[in-house]
Structure formats: C-alpha cells, structure tokens
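Scrolling down, you'll hit the structures one after another.
Common to both upcoming complexes is chain A, partnered first by chain B, then by chain C.
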Partner chain A sequence: MNTLWPVALITFKEGIRNRALYGITLLALLFFIANFLISGMFMQEVGKVAIDIALSAVSLSGLLLVLFVGINLMAKDLDKKTIYMVLSRPISRSQYILGKFLGMALLIITTMVFLSVCAALSIQLIKMVYPNYFPRFSWPMILLALSFNTLSMILLSALAFFFASFTSTSFITLVLTVIVYIIGQSLSDVKALVDAPQTVGIHVSAATVKLVQLAYYLFPNLSVFNLKIQAAHSLFLPASYILWTVTYGLIYTALAITGAAIIFRLREFP
Partner chain B sequence: MGRLLTIILCIALLTVHIISLRKITEQEKLIPKGEDTAYVMPSPILRVTALEFHGLASDFLFLKALVFLGGTYERKENPRVKPWEWKWLYHVLDASASLDPYFLDPYYFGNANLTWDGGLIKETNELLEKGSSYRTWDFMLPFYIGFNSFYFLDDNDTASKFLMEAARRPGASAIYADLATKLAYKDRRTENAITFQEYILEHTDDPKLRTEYETRLTALRGVLYLEKAVVSYKQRFGVYPRSLEDLMKKHIIDALPQEPYGGSYYIDSSGKVTTTSESKLMPYERLNLSPSSEPSSLMKD
Partner chain C sequence: MMPMIKLTNISKEFKEGIQAKKIKAIDDLVLEVQKGEVFGFLGPNGAGKSTTIKILVNLIRPDKGKALIMDRDVNDTAVRKHVGYLPENPYFYDYLTAEELLWFGGKTTGLSATAIKNRADELFQKVNLENARKRQLRTYSKGMLQRAGLALSLIHDPDVAILDEPMSGLDPLGRKMVGDVILELKARGKTIFFSSHILTDVERFCDRVGIIVAGRLRLVDRLDNLLVGNTKLEDVFLREVEKAGGGIEI
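Showing the complex of A and B:
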C-alpha cells in the first residue's frame, strides 16, 4: 500500500490539472443550465425530463472523462517515455498499474461527486419552479442512479487500462474503449432481440445466437448500471438487483485490472 | 491598407452569410416534403442507437412531434395536417414511448391530438394500452381508452372494461365505476359523452386544449338540451318534431341555445339532434366512414 499511494496521488493530481477536465465540467454545467429551458417545454412530466437531462449530462461527462482524461493519464507515461523513470524505482509493474488505477478511480469519484451535486442542484431548482410537475420523485433513486453511473465509469476506465497495457498508442486504446462502451450499452438489447426475434419478425441463425451469448459473457454489460429511467419515474428496484449489480461491477473491474497487470508485467519496453 | 481590406472582407462575408441564411430559411419551407421523409426508425434499432440515453432520446422525439404539430398551425391549407403526417406523428410518439414506456407526455399528447383531429382512434388506443400496462399507478390512461372506445368506436363493452380498470387504480374518482355501468344505456349517449368530457376537462391544464374542450362541452350540452326538448315534445304530442322551430312554436323551449362553433343546431333526416359543425364533435375519419351521416350533412347546407 505504501508504494501504491504515491502513484495514486500523483495520478490524481495530474488528472485534476488536466485542462480537458475543465472543458468537460463546463459542458456539464451548460447542460444543467439548458435543463431549465428544455424541461419547461414539456406538458406533463417536467420532473422526468429534468432528471433525464441532469443524469444524462453527468453520464456524458463521466464518459468523456474516462475517454479523454483517463486514457491520457495511462498512455502519457508510455508516449513520453517517462515510464522508464518510474520503472527504475523500487516498485513492481503490477503496483504501478494498480496505483495508477486507484488514482484514476479517485479522480472519477471526485469529479462525479462534484457533477452530481450540480445535477441535484439543477433538479432541485426546477422542482422549485414547477412543484406540481414532479408527481413521482425520489432522491434516493437519483442518488442510486448517480452511484451506479460512477461504478460503470470506473469499470470502463479499468478496461481502458487493460487495453493500454498492450497497445502501442493511446489512440488505439481510445478506439477500443469506445467500441467496448458501445457494445456494453447495447448488449442487453441485442441479447433480448436475439432471444426473441419473432417479436420484431426477423430470423436469427443459431451461430449468431451463440456469438451473442459469447459476447454477453466477454464484454461488460454496462446497461445494467443505467438506472436513469428508474430514477426519473422512481420505479421499484429490488435490493438483490443492487447487490448483484455492484458485485458484477466490482468483479469485472478487478478482472480487467488483473488482466492489465499480467500483460503489463510481460510487456517488453524497447 | 491591409487592415482596411480585412475589415471590408469580413463585413462582406458576414453580410452574405446573413443573406444566404435568410434565403435558405425561406426556401426550405418551399421544398416539398414527401412521405419518404416520414420514416421513423423501428424501436429496437432506436433502443440500440440511443446507448444509455433512452430517456433523453425519448424526450427529444417527443419534442420533435410537439414542434411539428405546433408548426402546422401556421399553415393555411385544408386539411391542416395531411393523413400521412398524422401517421408519421403517431410513429414518432410510439417510438418515444418505446424508448421510455413510462413517459406520460407522448400518451397524453397523442390522445389529445391523434383522436379528434387525426382520426387515428385504434392506433391511439394501442398506444394508450401500452402506456396503461406500464404506468400501473395512472388512472388517466385507461380512462382515455374508455372514452375513445365509447365515443369514437361505439364500443361500450371495451369502454366499460377500461373504465373499471381506471376505477381500480389509486386516486381514481368513484364516478368512473358509475360511468362504466351507465354505458350499458346506449340511448344516453350525449349525457355520457358530457360526463366523460367534464372529467377530461378537469384533468387538463393546457390552456389551448382547455378552451377546445370547453367549447365542445358547450356544444354537447346544447345537443342534450334539445334532445330532452324533443323527448318532451314527443310525450306531449305523440309525434317527433320535424324541426327545432317546432319546439319553439309549441313553447317547449323559448330559444335555441347558442352554437359555440358559430353553426346552428338542427334535426337530421333520422330524427337526431345535431349541429352544422358536427365535424367538431366527430373526428374526420368517422364522418366519412359512417354511411348515415352523409345524407344528413348534405341535406342541411
């Protein structure tokens, strides 16, 4: 732990100093302001729309954070060859990866907490303007959606680390992470489609079914962390769902980081 | 010299930019938009492409429908909205509802517009049924299905079924169950229609829709008033009056009620009290489909 902490701290500080972070935060803040204008256009469920926009803004910012700040943090050491300096110190490669990841997770949590507070503020202000249009509203569900979102971003960032451990440039890591994100978000829907193709009147071959099932276990199912609609309508969510989803998220993250550490250890630097 | 040239260039470019943008805005309205532009992506594909932003995509599609219909109020042609445009509107609302099936606005907006003006009663009821199966806490959606079935489709059994469903949901008025049983009396059509319309008005906030509903309610009340007068005429003289003027001559009523749409009430060939603005009380499609209404509307005007 003593060797992990300095790496984590320096990664966190480096991330906070990144200019892109301010751009991302500014974008989210603009979304929260636009929320006033947009949600006011609706006839009935202003509250639902306000929550939709606020949570989507946080999601989008989290995603940009992982893609443009997170990947840079990992890849910069490799691109700028500063990795040699780090590796010459009494720290193992696994410790280095783990420390970097902890710093990144810390950065994600800090940013998400800040954005969540802004999102909540935006929702609260709209609620004060249109108090009659929030028939189904619950703060705990919104908080849960935001926490799940943070967890999914940590998972995605772990995968970015995994890709960075074997790719040569940060651009390839970025592309792979984006692809995994898209697959991860649509996996549930595609699986549902393949499981019951007759509902939309398409034919699916047996090979496709097997392929989708394989993909279902291989890629992260990111849509299970997406509780925006549940939060917007404060729908019932069983405790077992929360428990199993958190377990799934943590285990997948651990797997990705372990994989990253193993590959990074085997990697040869020119 | 160089600086002056740059300034002149900038001013020239900006001027042309503003002119061209204005021209485009004008010209764009003139371009005929065919039915092929009315394509809406099927909902399974929309769900996949919306990634994690299902709710936001649903809001966006709803806004698109809202803006489209709002824009048609500027049109001068008749009918204001073409039949295929109503179909497109229905598909957009349906897609919005597929992305977030708990979202009330597409159902509410669809019910208010696709029925009276669009004549897409069956489609609207399908949309509402979907909403009703998700929004189990909401009594308004089954109530709307009940009204549409009763008023437009003359299907009192379905209407009664959905009204009972509405009555069972939290916060529903006790009158719903009462109304469901009343539907058994088919000859009380106008009365039932008024009761329905009164409850719909009670749950409407939009000022534009409220005015529309209030006017319709006044028209229906006028029809009911005259229907009652016709019944008492029949009781007193043994025959039906041939025109509304007969009612005044025999002092059953003192004056004809004001027709809120600017038309006038009359008795049609089948002996039914109606108004020259019947199209406002009946959707477009029903008027064309119903064989009995055609000769009567020809007869008066």
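Showing the complex of A and C:
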C-alpha cells in the first residue's frame, strides 16, 4: 500500500487535470441542457425520454473518458518513457499496474459521481416542469443504472490496461478497446439470434454458432450493465441479477488487471 | 570491500525488424564500482551505455550475467530505495507540479511528509527551481525538466546515483549546478555512476572511467593513470574507439 497509493494519487491528479476531461464534462453538461429542449418536444413519454437522454449522456461521457483520458494515462507512460521514472523507484511492475488502475478507477468514480448528480438534476428539473409524464418513476433504479454504468467503465478501463500491457502504442490499445466495447455491447443480441435463428427466418451454420458461443465466454458482456430501459420504465430488477452482475463485473476486472500485471512483469523498457 | 555496483559477464541482445535480426547491445561486460567513487561511463552513440544503465535500474533484463547493487540483485525492488536514477532526456507527468513529483519520489521510498518537505526545500534551492516548484511540469523547458529529474533522483538521499547524460540539455549555469551536485555527493561518500558525452566534465568529476564501444567494455582505468603528461581524455577516447574499429559520433 505504501507504493500503491502514491502511484494511484499521481495517476488521479494527472487525469483530473487533463483538459480532455473538461471537454468531455462540458459535452455532458450540454446534453443535460439539451435534455430540456428535446424532452419538451415529445408530446408523450417525456419522462422516459428525459431519463434515457440523461443516462445516455453519462454513458457516452464515461466511454470518452476511458478511451481518451484513461488509455493515455497508461499508454503515455510507455510512449513518453515516463515509466522510467516510476519503475526506477522501489515499485514492482505489478504494483505499478495496480496503482495506476486504482488511480484510474478513482478518476472514473469521481467523474461519474459528478455527471450522475448533473444527470439527476436534469431529470428532476424536467420532472418538476412535466410532473404528469412521470407516473412510474424510481430514483433507486436510476441510481442503479448510473452505478452499473460506472462499473462497466471500470471494467472497460481494466481491459484497456490489459491491452496496454502488451501493445507498443496507445493507438493499438485504443483500437482494441473500441473493438471489445462494440463486441461487448452487441454480444447478447448476436447470441440470442444464433440460438434461435428460426424466429427471424434465417439459417446459421454450426461453425458460426460455435464462434459466437466462444466469443460469448471470452469477451465481456457489457450489455448486462445497461439498465437504461429498466430505469426509464421503472421496471423491477431481481436482487439476484444485481448481485450476479456486480460479481461478474468485479471478477472480470480482477482477471483483466491480473493478466495485465503478469504480462507487464515480463516486459522490458529499452 | 563490497562493491556498490557489480556487473558480472553481462550480455544483452535486442531483436530488430520484421525478421527479428539480433543486435548485440552488450557483450560480456564486467565492471565494479566502489563506494564513494565517481565513475564516468563513456562511449559513442549506440555503444551500450544507456542499455547498461537500464539493466542497473531493472528496466531491461540481461540475457546473461548478473547485475548487483550493494550486493543485491537489481531485480530486488527494495534495492532501489538506495538508488537514484536520472534517465536521459527525462519526461514526467505533464499536469503534476515539481513539488508533487518530489512528493511521489519521497513517498515511494518511504520518507515521511516532513522529511519530504525539508529535503524538497533543500533540493529545489540546489537545482534552482525554487520559484517554479508549484508550476505544472508541462510548462517547464528541457533544462528545467532535467533539473527537476535530478532533484527527483536525489530526494531520498540515495547511496548510489545513476545519472544518464545528466548535462544533456543544460546551459552552462545548469551544467555547473549539476557539477556542484556531483562534487557534493562525492564529498559525502556517495557512489556516482554517470554517462556523458562531455569529456571535460568527466575529467573534472570522475575518479575512474570506462569506455564502451559496440557493446564491449574496452578500457577501465583511473583518470590519473590515463591523463599522464599532455594526454587528454579525448585522445584516450578516440584511440579506444578507433582500436575497436567503431564509428565515431561525438
């Protein structure tokens, strides 16, 4: 812990002062303001639209944060050789990865809490203007959706760390992270399709089914963290689902960071 | 007496290009540096100086041989509590201040907050960054970064200072300052291992020098043995490079 905390803290400070973060936050704030205008244009379901836009803005900002600030926090150490300064201290490579990741997780949580408060304010103000359009409304569900979104961003940043541990440039890390994000978001739908192709009248080869099944167990299923629909419609969510999803997110994150630490221990920095 | 730095039969190869052609960076390097010594490590560009230094701070692992500092393998994380390292052309976190950089250096070596503050005050004065200590490092010039790097490498008062081209990017005042720091460390019995292309500086500070060409250590001797009569270090250096048949890039 003696060495983890200093690494985590400088990572957090480096991230929170990054100008790209201000740009991302500003974009989210513009979305929240636009939420008033867009929701007001709908003659029905104003509440659902408002919640959906607010949660989507937080979700998009989180993704941009991981892709454009998070990846740089680690990849720049390698690109610019800042890592020389860190690893020449009494810090092991595993401690470096863990410390960096803790700093990144702290940055994601801090930013997401701020954006979540702004999102909640935007929803609350629209609710006050259009109270009749919020017949079924649940703050706990919105809070849960925001928390799950934060957890999915922490998982995505752990995967970015995993890729950065063996790639040579930040660009490759970015590309791999985006690919995994896209696969992770659509994996459930694709699996549902290949499991029951007759429902849409298509034929799927056995090889494709095997490939999709393999991908399903290999890549993270990020769609399980997407609770926008449940929050917008205030749908009931069983406690077992919440527990299972949190466990899944934490285990996947731990595996990605452990993998990153193992690979990083073997790496050299010429 | 136990040597502070001991390199035993170190060899290192790198793979280059798509065909992974092997390039020998260091070949069977044997070297010892004693306590209180200032050792100058010289060689043309690409001779293996920085590779040797990176092996000493465990950024690179040797293919063969052993690297020890204070009789402990450089793989041992704890040994770096006693080592201060200044990389060539150091680059730090853009949005941190120099003060935060030194806090990081102090904390990771187990210093208390008070010890870090006192030591940072002293070092900022020494490297003449007193007025810029609260500025973010992205606003620093190359020379200022070099001085911040020197302060960082010394924050924990290490027994062994490993400095890779410490004069690089510095103006004459900065070079004098680095020279003063090296002399002060020497007076306090610290061991200094530094590489440099500036031979006049090496002549000024070093007790012994080693000349490496194309990965092989060609000569190790005391400066007073080498500089007899009118012989200059430059003559010795050029002679060794020519003997090795290496290209001269100085």
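Just so it is clear, the second predicted complex is superposed on the first by the 270 of 270 C-alpha atoms of A that agree within 3 Å, B and C clash if a C-alpha of one lies under 4 Å from a C-alpha of the other, contacts with A are read in each partner's own complex, and residues count from 1 in each chain.
The rule is short, and it goes like this: a contact is a pair of C-beta atoms (placed from the backbone, for glycine too) under 8 Å apart; a residue touches a chain by one contact, two chains touch by 3 or more.
Predicted model, so just to flag it, every value in this text is computed and none were measured.
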Which superposed partner A:K191 touches (first chain B, second chain C, both, neither): neither
Partner chain in contact with A:T82 - chain B first, chain C second, else both or neither: second
Partner chain in contact with A:K127 - chain B first, chain C second, else both or neither: neither
Which superposed partner A:F269 touches (first chain B, second chain C, both, neither): second
Chain C residues touching chain A - in the complex, by the definition given at the top: 14, 51, 54, 57-61, 77-81, 83, 85, 87, 90-96, 100, 103-105, 107-110, 136, 149, 152
Chain A to chain C touching residues, read off their complex: 2-3, 5-7, 9-10, 13-14, 17-18, 80-85, 87-92, 268-270
Residue ranges of chain A in contact with chain B within the complex: 38, 41-45, 48-49, 51-53, 55-56, 59-60, 136, 181-182, 185-186, 189-190, 193, 200, 222-223, 226, 228-229, 232-233, 235
Residues of chain B touching chain A in the complex: 42, 44, 47-48, 51-56, 58-59, 62-63, 66, 100, 102-105, 108-109, 137, 205-206
